[in-house]
Amino acid sequence: MDLYEYQGKELFRRFGIPVSDGRLALSPEDARQAAQELGGAVVVKAQVHAGGRGKAGGIKLAASPSEAEARAADILGMDIRGHVVHRLWVEKASEIEREYYLSVTFDRGEKKPLFMLTTEGGVDIEELAATSPEKLARLHVDPLVGFHPFQARWLCFAAGIREPAEQKQVIAIVGKLYETFVSCEAMLCEINPLIVTPAGEVRALDAKVTIDDNALYRHPDLAELRDLAAADVQEQRAREKGLAYVKLDGDIGILGNGAGLVMSTLDVVAQAGGRPANFCDIGGGAQADVVVGALEVITADPVKAILFNIFGGITRGGEVARGLLEALERIGIDVPVVVRLDGTEAEEGRRLLAESSPANVHVESTMLSAAERVVELAR
Amino acid sequence: MDLYEYQGKELFRRFGIPVSDGRLALSPEDARQAAQELGGAVVVKAQVHAGGRGKAGGIKLAASPSEAEARAADILGMDIRGHVVHRLWVEKASEIEREYYLSVTFDRGEKKPLFMLTTEGGVDIEELAATSPEKLARLHVDPLVGFHPFQARWLCFAAGIREPAEQKQVIAIVGKLYETFVSCEAMLCEINPLIVTPAGEVRALDAKVTIDDNALYRHPDLAELRDLAAADVQEQRAREKGLAYVKLDGDIGILGNGAGLVMSTLDVVAQAGGRPANFCDIGGGAQADVVVGALEVITADPVKAILFNIFGGITRGGEVARGLLEALERIGIDVPVVVRLDGTEAEEGRRLLAESSPANVHVESTMLSAAERVVELAR
Amino acid sequence: MAIIVDAATRLVVQGITGREGQFHALRNRDYGTNVVAGVTPGKGGEAVEGVPVFDSVRDAMAETKPNTSMVFVPARFAADAIYEAVDAGIETVICITEGIPAHDMLRIYNYIRPRGVTLVGPNCPGVLSPGKANVGIIPAEIFSPGPVGLVSRSGTLTYQIGNELTQLGVGQSTIVGIGGDPVVGTSFIDALERFEADPETRFVVMVGEIGGSEEEKAAAFIAERMTKPVVGYIAGRTAPPGKTMGHAGAIISGSAGTAKAKQEALEARGVRVGTNPTEAARLVADLVAGAR
Amino acid sequence: MAIIVDAATRLVVQGITGREGQFHALRNRDYGTNVVAGVTPGKGGEAVEGVPVFDSVRDAMAETKPNTSMVFVPARFAADAIYEAVDAGIETVICITEGIPAHDMLRIYNYIRPRGVTLVGPNCPGVLSPGKANVGIIPAEIFSPGPVGLVSRSGTLTYQIGNELTQLGVGQSTIVGIGGDPVVGTSFIDALERFEADPETRFVVMVGEIGGSEEEKAAAFIAERMTKPVVGYIAGRTAPPGKTMGHAGAIISGSAGTAKAKQEALEARGVRVGTNPTEAARLVADLVAGAR
């Protein structure tokens, strides 16, 4: 789960990482009010889960409340890389002397948390890592032993931060960021930029925090943020049904069991010349009702045909067929449904479908032929 | 630092370990009031850092507020193994079906926290470990990996606690006790007895918690308890001066550098037929003012003579001699002081003493001769 | 020989009295796996169709000497179950459970590695050595003994490719589902290393997907350390960046973790990569036929 | 040879710019110890009487290749300093600092042990191998080279006994102050094991005190594994129970940890125990004389 900047900053504040004062605004009036309360110049920032907000015009300076209102009106409703702006964060404008970059994330290869710090702030970190790795201080933390202050000191020295007062603040922020990372079970905590003001104060000017979905049950306070953060109502509905669902931009609904198989199904449909409308994984061991729910979700997208690709292990073909038949009856699906059933109890499933033989259900015996058939039927 | 039962229970409550409702009482009137507020039968319990309170008459049942007042009057001022009762804990009386024992402590040999659980509650745990080790479930926790619920389950099964509802409560208490142990940096957290009520509720009926003195700087809330817990004003004064001081019951003041050397000095004084009045370790690298402070502390006890045993490493003989001379002048010590100086700058110290040569200062060249001399002078 | 599970496997099933746990424990036993015990706290002394159930892995160890554990307990209790297995002296833990928090797995990984414990998963279909033992939920009937080692981040995709191989008359030495989570106990490299050392394995299929850089690392490992031919397939060629595709680990972050980058990394090291499961299976079948 | 420190020691001093750190670093160097570097964060690039100072142990390692660290930083920062030393690849850490929280030491101990790092202390006077190297605060002038290994929980008591030995004409191979805290990195057994293996050590004196059961364990170790004669002394024969006698670890809990119990455990295993430092020194001198 990705947090919005303002949610991430609220977390930072809770863990003692300095951030600027600000207010959430849902309307231009809110923004005016926020600017008034904050006093002085403010920055109006679009709250969307997309990079490059600044370049896209989603971040504007405003010298007065009325200017803040006008900028908010400009930004609200903007489409930034497919994300419509519904929320703004209005915060006190900061004077910036220098911009750094600091993050802690999962190093999936090393299986350890990885800190990265550079004084080349504001840049693309992947690019920096590729072109000037010597400018990027990297440090792994042993998750059993935890973080120790010497590591923060070493990061500072390695990144070339030597001014004592500044170093002291950065060291404290590194420690608190690790605490945030572990306490909130984050997959990523990124501050880009971490700024130094002309007065020498170090502060997080942005916040990018991703929380592990699997850990949310231990963090009801963070789980609540999800509902607010949910970019897509349909994705949320699918999640509530225990489905992994991703909206795509084509017209063929894709449903299968197991993330790898569904991804592969998208690939073969694309190879056959079709465009998937979504990705829907019913997971392992799904019962008929889950299949019904999944069909409800994917038919909420405008689909011309549906591909049903099941290779049962823990999932049983009979259950899947029963779910499909039930859904046809209950939801009234009239687009063609291509079904490919293999693995556990596949014969049983195929038998059930053959017995009932609904007009719009087409059974195929291989994944490739099923993909070709559904593309054909979607034309 | 040992906590009183009521302080330990307050900690337990904070960490979610069930304890009985109770009130602190400093007078019989307090006890009456407490009993009134709690309602029903109460137990009046002496708050002292000594075992065997019950046998000594320091724990009494009271059926009514007036009875509680009377029992409080009996107990306040009692001397329990050298500890005068100044505080009472008045708590709701518990019905007891069974008594267990649960603790987590430092296993100094294994260098790991050690849990002990037995259903043979209320007994002396050392004795049980010696006579019926099979009745004592013992389990070490890896401090880097932390505690895991399976360990609590295993403890329960090993101790023979099998009733599911009871087991569930004990498992929860084990987890919370570990949390208390680690969060408060305790050296010992002991619940003896851990009771099961006829209704099947599991609760801590006593609390023995020892906090690591060295960690108190990280726990200001616990450090505050120390002032309340301080059994001996003099020990507290010594601690404030950075001295390790223990009051004993003889008449020879003992001062030295290093705990081992001071302990050894007590031993040789005893071998020479003397009785030490105290143990005072000025530590390593003490300056003259520390020596003065130490002499202030040990002369507050009724001493007939003082033995000064210094073998300097980090401690310098000159500083010690200067401190002694300053103390003689400032505090006006008139009892004989036997001095043995060796190690770093011992010559300098001996020279300073010889130059000043106060009438009551006797320099000896060995530890044994110094011990013999001070015993002689104390007669 | 095969790898990870074989005729020497003595299996304890943690969570054996749960619905799925029982179903698969018995299915594994029916296949021929030596299921020596089950563990469900509080049900010690019971039995599941002849498999004795213990309160703890320690008890199961004392009585039945298992060397391998299959973890089938719910996500909230699974990390605890893994620690329990390791603490009791289990050498190989195969964790089927899905949804274990990543920070838990991070600690578990760093805990087990220096102790020499093999962990497969979590969120994986298990390990099957056709004709020898099956530990997990892999439908054994679609596989057959043979020379091809199969390692995959995806369960159903493994069945898909295994099925195609079997239809082409090519059997398998061991099928390892390493799981789709960001932190898994056995990586591609760990599995490849074992296949390289296993005399019964002569070819390897590696089924990757978007996210992370394990396939890229495996490519380097294959080039430097493998003598046996490897065929690859990467799922998610059309997945959009920034979206988690079902598996928590299947996400393209920025420009990293794309199927294209992975395929290129493999091909640059001489690994043949199929563009779909059918093509990958055919590439292997051609290799096997060529070697005959 | 000697144990723990010797002519091969290359010392980095953590906290070298502090008052005591500087004093003892230079004193150790004057004795002949090879002090190659100091570390004080923020003072990298400076020097203390010719000893280069670095910002981190990692930097010191890169430039001067120390193998041993002496930790002289305040208690609140000492645990961090030990982790830093180990992380940088230091093999032997001698921690003089007093007052480190016990839970910190518990974690450090369990961290360093599987990594094969030797930790002496904390809250200890250090290690001296007369004529070779001195790391710590032991006043070297009261010791002289010879056949007796000395290990002790107490600093000043060690000086006392060392002094008496020297006056009796008996020199020492190495003096190890293991420290008086409840959790120390090197136990009596660890030191005894090294003395047993050290050809230059022919006799051992072990100076214990009340609290814990390390002396009892050492007694068993001596009986089972030591061929060299050991003489003991236990301080605190008259200490009352339940009182912490200066050292955090020196406390009699219930009936455990008394000097009497320790002395009996040692004597039961054939270790001669002196009732005071002078007597202990004489017992050793007699042994040495007898062996001549």
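We call the chains A, B, C and D, going by the order they appear; numbering starts again at 1 in every chain.
The rule is simple: a residue touches a chain if its C-beta (ideal position, glycine included) is under 8 Å from a C-beta of that chain, and two chains touch if they have at least 3 such contacts.
No experiment lies behind these values; they were computed from the predicted model shown.
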Chains in simultaneous contact with subunit A and subunit C:
B
If every chain is reduced to the average of its C-alpha atoms, which one ends up farthest from subunit D?
A
Decide which interface, B-C or B-D, involves more C-beta pairs in contact, and give its chain pair.
B-D
Could you work out how far the Cα centre of subunit A sits from that of subunit B, in whole Å?
54
Measure off the straight-line distance from the CA centroid of subunit B to the CA centroid of subunit D, and report it in whole Å.
27
Rounded Å distance, subunit B centre to subunit C centre (Cα mean)
54
Roughly how many whole angstrom separate the Cα centroids of subunit C and subunit D?
49
Of all residues in subunit A, which are in touch with two or more distinct other chains?
144-145
At least two other chains touched by the same residue of subunit D: list those residues.
107, 111
May I ask you to sort the chain touch graph into line, ring, star, complete or other?
other
Checked against the stated definition, the touching pairs are A-B, A-C, A-D, B-C, B-D
Can you list the residues on subunit B that touch subunit A in the complex?
144-145
In their complex, what parts of subunit B are in touch with subunit D?
49, 106, 108-109, 111-113, 124, 126, 142-144, 182, 185, 187, 212-215, 217-218, 244, 246, 248, 256-264, 266-268, 270-271, 276, 279, 281, 283-285, 311-314, 342-344, 366-368
Residue positions on subunit C within touch of subunit A in the complex are 20, 24, 75-76, 98-104, 106-107, 109-111, 125, 137-139, 142, 152-160, 163, 180, 182-183, 207, 209-210, 212-214, 217, 235-240, 242-250, 254-256, 259, 275-278
Quick one: in the complex, what on subunit A touches subunit D?
145, 148-151, 153-154, 157, 162, 164, 167
If you look only at subunit D, which of its residues touch subunit A in the complex?
41-42, 44, 55-59, 77, 79-81, 83-84, 87, 107, 111
